[in-house]
Amino acid sequence: MSSAVQMQPASAETVLTVNNIEVVYDHVILVLKGVSLTVPKGGIVALLGANGAGKTTTLKAISNLLHAERGEVTKGSIEFKGERVDKLSPNELVRRGCIQVLEGRHCFGHLTIEENLLTGAFTRKDGNAAIKRDLEAIYEYFPRLKQRRTSMAGYTSGGEQQMCAIGRAMMSKPSMILLDEPSMGLAPQIVEEIFEIVRILNSSEGVSFLLAEQNTNMALKYATYGYILETGRVVMDGPAQALRENEDVKEFYLGVSEGDRKSFRAVKSYKRRKRWLA
Amino acid sequence: MDILYKVFVEPFLFMGEAPDLLIQTLWEGLVSGVLYALIALGFVLIFKASGVFNFAQGIMVVFAALILVGLYEKGVPAFLALILAAVAMLVLAIVVERVVLRPLVNQPDIILFMATFGLTYFLIGFGELIFGGNPREMITDALLLPQGTTELDAFGGSIRLQHLDIAAAIIASIMIGILAVFFSKTRIGRALRAVADSHKAALSVGISLNQIWVIVWFAAGLVALVAGIMWGARSGVSFSLQIIALKALPVLILGGFTSIPGAIIGGLIIGVGEKLGEFYWGPLVGGGIETWLAYVIALLFLLYRPQGLFGEKIIERI
Amino acid sequence: MLYREAGQFKTNYVSDSAIFPLRQDRIGLGLIILAAYALAFLGNSFLLQAVMIPFLVFSLASIGLNILTGYTGLLSLGTGAFMGVGAYACYKLMTAFPDVNVIIWIFVSGFFSAAIGALFGLPSLRIKGFYLAVATLAAQFFLQWCFIRIPWLVNYNVSGALDAPLRTLFGIPIMGPNATPQTRYLLVLTIVIVLTWLASNLVHGRIGRMWIAIRDMDLAAELMGIRPLQTKLLAFAVSSYYCGVAGALLVFMWYGGAEYDVFNINQSFFILFMVIIGGLGSLIGSFFGAALIFILPIVLGIVLPAVLSPFGISVGSDVIEHLRFMIVGALIIFFLIVEPHGLARLWQIGKQKLLVWPFPY
Amino acid sequence: QDSIYVPLFTYRTGAFAGSGTYIADGMHDYLQMLNQRDGGIGGVKLVIEECETGYDTKKGVECYEAVKGKNPVMVNPWSTGITLPLIPRASVDKIPILSMAYGLSASARGDIFPWVFNPPATYWDGLSMIIKYIGEKEGGLEKLKGKKIGFIHLDAAFGKEPIPLLQELSKEIGFEVALYPVAAQDMQNQSSQWLSARRDRPDYMIMWGWGTMNGAAVKEAVRSGYPMDKFYSVWWPSEDDAKSGGAGAKGFKMLNWHAVGTNFPALQDIQKHVVEKGLSKSPKEKVGELLYNRGVYNSLLIAEGIAQAQKITGKKAVTGEDVRRGIENIKLDPARLKELGLEGFTETLTLSCSDHNGHRPAFMQEWDGTKWVKISDPIEPMTDRVKAQLDAAAKDYAEKNAGWPKRTEACDKAS
Amino acid sequence: MRAPDHPVMSKGDVLLAVENVSLGFGGVKALTDVSFDIRKSEIRAIIGPNGAGKTSMLNCINGFYYPTEGRITFKGVKRPKMRPYEAARGGIARTFQNVALFKSMSTLDNIMAGRSIRMNSSFFWQLFRHGPAMKEEVEHRKFVEEIIDFLEIQHIRKTPVGRLPYGLQKRVELGRALAMEPDLLLLDEPMAGMNLEEKEDMSRFILEVNQQYGTTIALIEHDMGVVMDLSDRVVVLEYGRKIADGTPDEVKRDQRVIDAYLGVAH
């Protein structure tokens, strides 16, 4: 299928290369069956796919958080800035500038919002003043957080927690962010804002993004390149533009077949998705 | 009626009659409280930093004290032995982190609890293998700890204050102060609480669990060493001292698992409460109520505040 | 591919919701039970008396605690005391009514610990997690204190201890020093099998689901209409029932007599560790846990000297004991690292691997 | 190849190791000495095997099961808690139980407990000796009237064993009793008990402790300023326990019935044949200390039991049943003691069919700050006061245990 | 099925009325003086920016929080302070924003657990797993299987739900709530984290439940497409206050809603 789509330009410098990795959970559950992808320096790459396709698993494999869930990369290699990172601990990776925003919030419930944000700066060594400045910047991005800065994160609303998680990652001044479902549970306005923030960080500070996202529409609007994952395999990839125009993608991920958006009321129950690869 | 009188009136009359005994009882309670708090503190540090309920704290107390005494017996000067014992606790912390904690990151609390039990077993065997099962005397003199008693005549009786107890109270307060500052004012302190909250999220923001764990286990080891010296000076150093650690449980629970001040206040409440209870009400039922009174006191407080006096609020939100 | 489920279709819900849907499992279970009974006639008295009887008793107590801690998620450190209540109740009952068969009293004694257990379970509505441990610890120490302070409980015995009087079933001594290990083993085995079967029915039905629901997410469970207090108290009661029966068996079928000290806090921890290492929320795990924590040290005690002596190392019983502690401790950590969810999960994964064998996944 | 299997239940680990280790060494070394010096007893080698109980009932019963099948000539539980569940089994398994000066006092009655032996004195005898001694100090037992006697004890079967007698005596004589139980988990945390003692101001303190409890009690007594010369103990504290009180422990008294030190040929043989050959686990300087010699005494009884059994039966490899008879025939008089190289080590002890104890006197010794000093002549137990109680208790025990067997074992000598 | 224990209500009657409800936590005011109603058999959406108090509103409705002020009337009866399980037994079921499944149980058992309140065979029979207990088990199993078929999750029937991808977990959660056969179903962001196709599936389920069983539904959702298409009426909260209430079309055009929430008109 991907023959129809043009290959990613090899010229751009890549920050992240995932080479044919296989992931097994609990010694028996094979989830990723050979996933390869690259993120160019300063790129925004989207990782799309249905529930359970393995997006989160891919991101965790990169950030080395799999161990904590009894998962394991059994094959393949991962390189970040030209260096093998499969054996690094998550904190060493953060130190090197690659941080993940976990899916499903995961704030520190017993810490206040502000303390949560500050933990993000744990690996930084550039002094309190800089940290303070960045904290203010985050509050600028998310005014809602400023209002709730002294509340315990565990008591804040779902969306507030999501903002907190994203802000916390930004506090580490990363050069690459692995963003897992950033839009989940956020009000439409905030979703746009978040993607705007992604764009700003990307263009002004050169932060690269790998973005796992269900909101295909948004993701493809902001991303430069995209991969589509199905049951643990990459089934299609290409520049965002090309994907947006692909008929299958349109129908199954964007819901705009025949040019117009369908009503959710009009969904027919017999509709079944076609699979690229089974 | 008679019973009511015996329970509600007589003890108080007696308190008034013999104020010297009352004060002595309170003092003993405070001293025990400080000693309980010392043990509880070790638990708190580790719990705070990893959510691990460290069953091995008791044996660490024994272990630290035995190393100290053992080295001294081998002719090492007391203060050098003290430093070496601290180094040993550092080594222990590193080994525990490597061998036990690292592979168990992000596992449920109870599993880590169980692992520390395995550790306890191991350390008991290991310790007895090296040091033998015989009790030792703490090297109180060599460590320049004061001994002796001051007898104050007051309230028509006398109050005996042990110098050692006073020293214990002072040392414990200093240590607690240092720890409290270290853990609340530093970036490590914040990271600790983060780790206790969620290993996974802490990993994701780049907090190095390994480093944090070594730090707190080492701190807990130091606390164990101090507790070992103090308890050892009071009742000898032997493996049965490990059981005393159980006494730290109600203290912890009352104070809240995560609070350093909680450990202190909890310790004092339990210490004083249990001594008063045993002294004034124990005889009514044949004595020995100390064994469970502490738990009942803790339970009463908990019914009122389910997270203990200073514990982190239990977040219930959906 | 010995172990596979292919070809075993379930045509109705009754058989699909059977506790052992796989034929191999059922056959295996049957064989194990058969072997257990056969052991009574093959094993020597040491094996029966010092290994199997206590192993079964501890398994039963672990099942009890597993119901509370494993299935319902309520941490208890009072198991020892609840076992004690069963033992003391059984003693009082059978000395007060010596004519009623003692087996009945063994079963009845559990109700006393169930009642006491439920009583100490009351704070569980408000107090959770490690904090709940304090309520059960209060029970542990308070009850233990009662055992020693109330001489009525031991019929004012001079020794202050419980002892097993002679009791018979169809004229065969089943309790007391004259009962052979064989009869006692058979009795204990039967009781344990029956009670395990009942427990397995409970945990696989509505009540079991309610318990697990409370454990996994108590708020959600409550929002689905499950009454937390009732459910928790039921767990406390059932759990304590099992512990109580186990306690009675412990004293009268194994020790043959015991001091209050047998029911101390160490006993509570001991059982808790069996439950954790065996697998929280697994009945089979309770047996595995009891085996690892109880039998392993015994085996080590026998094996270690044998292993060491060929090397010319003859070590004293104390060194053996120290090594035993170290090895058991290390093994506990080892097993937890290999599989934090306990031996039961290891077992399951093993079966799963068999299922896909010879492929790795 | 004949041999006699002698299991020793010991505890070199756990909370009671501090006391248990010395006992274990003493027991082991004496038997080992017999093996080394004489090739065993009557030419039969002893197979000595220790089983570690940790003073834990569960492990004790496990040990019993482990040794049961190997034809042991007797078991030595070294814990009242372990002894109790073994008592009913002894007659069934035909294994004598030697609970030397501990265990169930009532088991002194050989006619009711044919398989249990607890020489040379019961706990009740011990208590009566202490009371008698302090009575004499006061100038007559009746002078104790109106006095207060504190009893600090391990809160377990062992520590509670003498309480019924204590209460009985208090009624008879008219002194007051204050009980201070120490829970096993609080052995090292006795401040409440001693605080209460300050409140009650008992004229005398009597202690029934073991393991770390003894040392901690001495410490606490010193700490709380209790007059040490009023502090008495049953026969279990060791030198180490007294030492932990420091200089303040001077004046602390306890009962004892045998010598300390190594000034006996048998003990010197132990040093020569066992300790110096590196066959002992005991440090050299501990040989001859109080609890070490206590262990030696225990083994002396074992050895005598076996020797007597060999004599009676004419067999070499005797069994448990033979040894039971052997112990009933023990007669350790000065002549025999001399023969054994233990002249003056202890009092005469004669056991019989009906008397499994001997109810022998013990003497009082005092801690002078560095060692024990014998300060009294042997004190006879107040048999008149103890006997009736003991008989009642034995009867009670047999009655409560339905089906308790009547003694069928024949007696070897009239008594 | 179950005999109604309340006056039978017909479509259009007010099933639940919220009157002047306020809710505060110390300093934070999560809800201020909110009033609205939910009519029998409608799909009522609650929308608003993050932290507006939507989840808190649901929590009040099913008894997890008790309003500091105001009152809630359900089926015409004013609700006293009650424990959540009583609300559940009264006919209110819900799903959760952060999935709150029983992680270690299989899909089947999770949904069966949802039927706990409708099962009542005695402890005795439970012990033996025979007679009434088994009969009941099978009967309810049938019902649950219907739900499973309906939600098209047959293939994960026996999988422990902790291992399922997020989207499927949400679906199981819906199944569990349906198993309670509620009168009022509260859905807190049931489609968060789903892709388009899955949202379509979910929409279909919601509509079908609503149409086939006449179940009343309160729906919180941030996807405006879904909200506008599915709901009959929409209430909008901001900072704990109600700022709009009406049909999707009315709300969509409300300037305050656009400013506070939608950003650009959808």
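Order of writing sets the labels: A, B, C, D and E. Residues in every chain begin at 1.
In the analysis below, contacts are C-beta pairs under 8 Å (C-beta built on N, C-alpha and C of every residue); 3 or more make two chains touch, one makes a residue touch a chain.
In this text the structure is predicted, and so the values were computed from the model without any measurement.
K.L.:
Moving only from a chain to one it touches, give the least number of moves from subunit A to subunit E.
P.N.:
When the steps are counted carefully, the minimum from subunit A to subunit E is 1.
K.L.:
Centre-to-centre on C-alpha atoms, which chain is most distant from subunit E?
P.N.:
The most remote chain is D.
K.L.:
Quick check: more C-beta contact pairs in B-D or A-C?
P.N.:
Counting C-beta pairs in contact for B-D and A-C gives the edge to B-D.
K.L.:
Distance between subunit A and subunit B based on Cα centroids, please, to the nearest Å.
P.N.:
That gives a centre separation of 45 Å.
K.L.:
Please work out the Cα centroid separation of subunit B and subunit E, and write it as a whole number of Å.
P.N.:
Centres of subunit B and subunit E (C-alpha means) sit 48 Å apart.
K.L.:
As a quick test, compute the distance in whole Å between the mean CA positions of subunit A and subunit D.
P.N.:
75
K.L.:
Which whole number of Å gives the spacing of the CA centres of subunit C and subunit E?
P.N.:
Here subunit C and subunit E have centroids separated by 41 Å.
K.L.:
Do you know which subunit C residues sit against two or more other chains?
P.N.:
Where subunit C meets two or more other chains at a single residue, that happens at 148, 219-220, 223, 265, 318, 321-322, 325.
K.L.:
Touching two or more other chains, which residues of subunit A qualify?
P.N.:
As it turns out, subunit A has residues touching two or more other chains at 29, 155.
K.L.:
Residues of subunit E that contact two or more other chains, please.
P.N.:
Those would be 55, 64, 96-98, 100.
K.L.:
Would you tell me which residues of subunit B are touching subunit D in their complex?
P.N.:
Residues 18, 21, 24-25, 28, 31-32, 124, 128, 132-135, 137, 147, 149, 151, 160, 162, 231, 234-236, 238-241, 243-244, 246-247, 274-275, 278-279, 282-283, 286-288, 290-291 of subunit B touch subunit D in their complex.
K.L.:
Can you list the subunit B residues touching subunit C in their complex?
P.N.:
Where subunit B meets subunit C, its residues are 53, 99-100, 103-104, 107-111, 113-115, 117-126, 128-129, 133, 246, 249-250, 253, 257, 285-286, 288-289, 291-292, 295-296, 298-299, 302-303, 306-308, 311, 314, 316, 318.
K.L.:
Would you pull the subunit D residues touching subunit B in the complex into a rising list?
P.N.:
Listed in rising order, the residues are 11-18, 20-21, 155, 179-192, 195-196, 198-199, 211-212, 215-216, 219-220, 223-225, 240, 243-244, 246.
K.L.:
Contact residues on subunit C for subunit E in the complex?
P.N.:
Checking each residue of subunit C against subunit E gives 12-14, 17, 19, 198, 201-202, 204-207, 209-210, 212-213, 215-217, 219-228, 234, 281.
K.L.:
Spell out the residues on subunit C that touch subunit A in their complex, using ranges where they run on.
P.N.:
Touch list, subunit C to subunit A: 349, 352-353, 356, 361.
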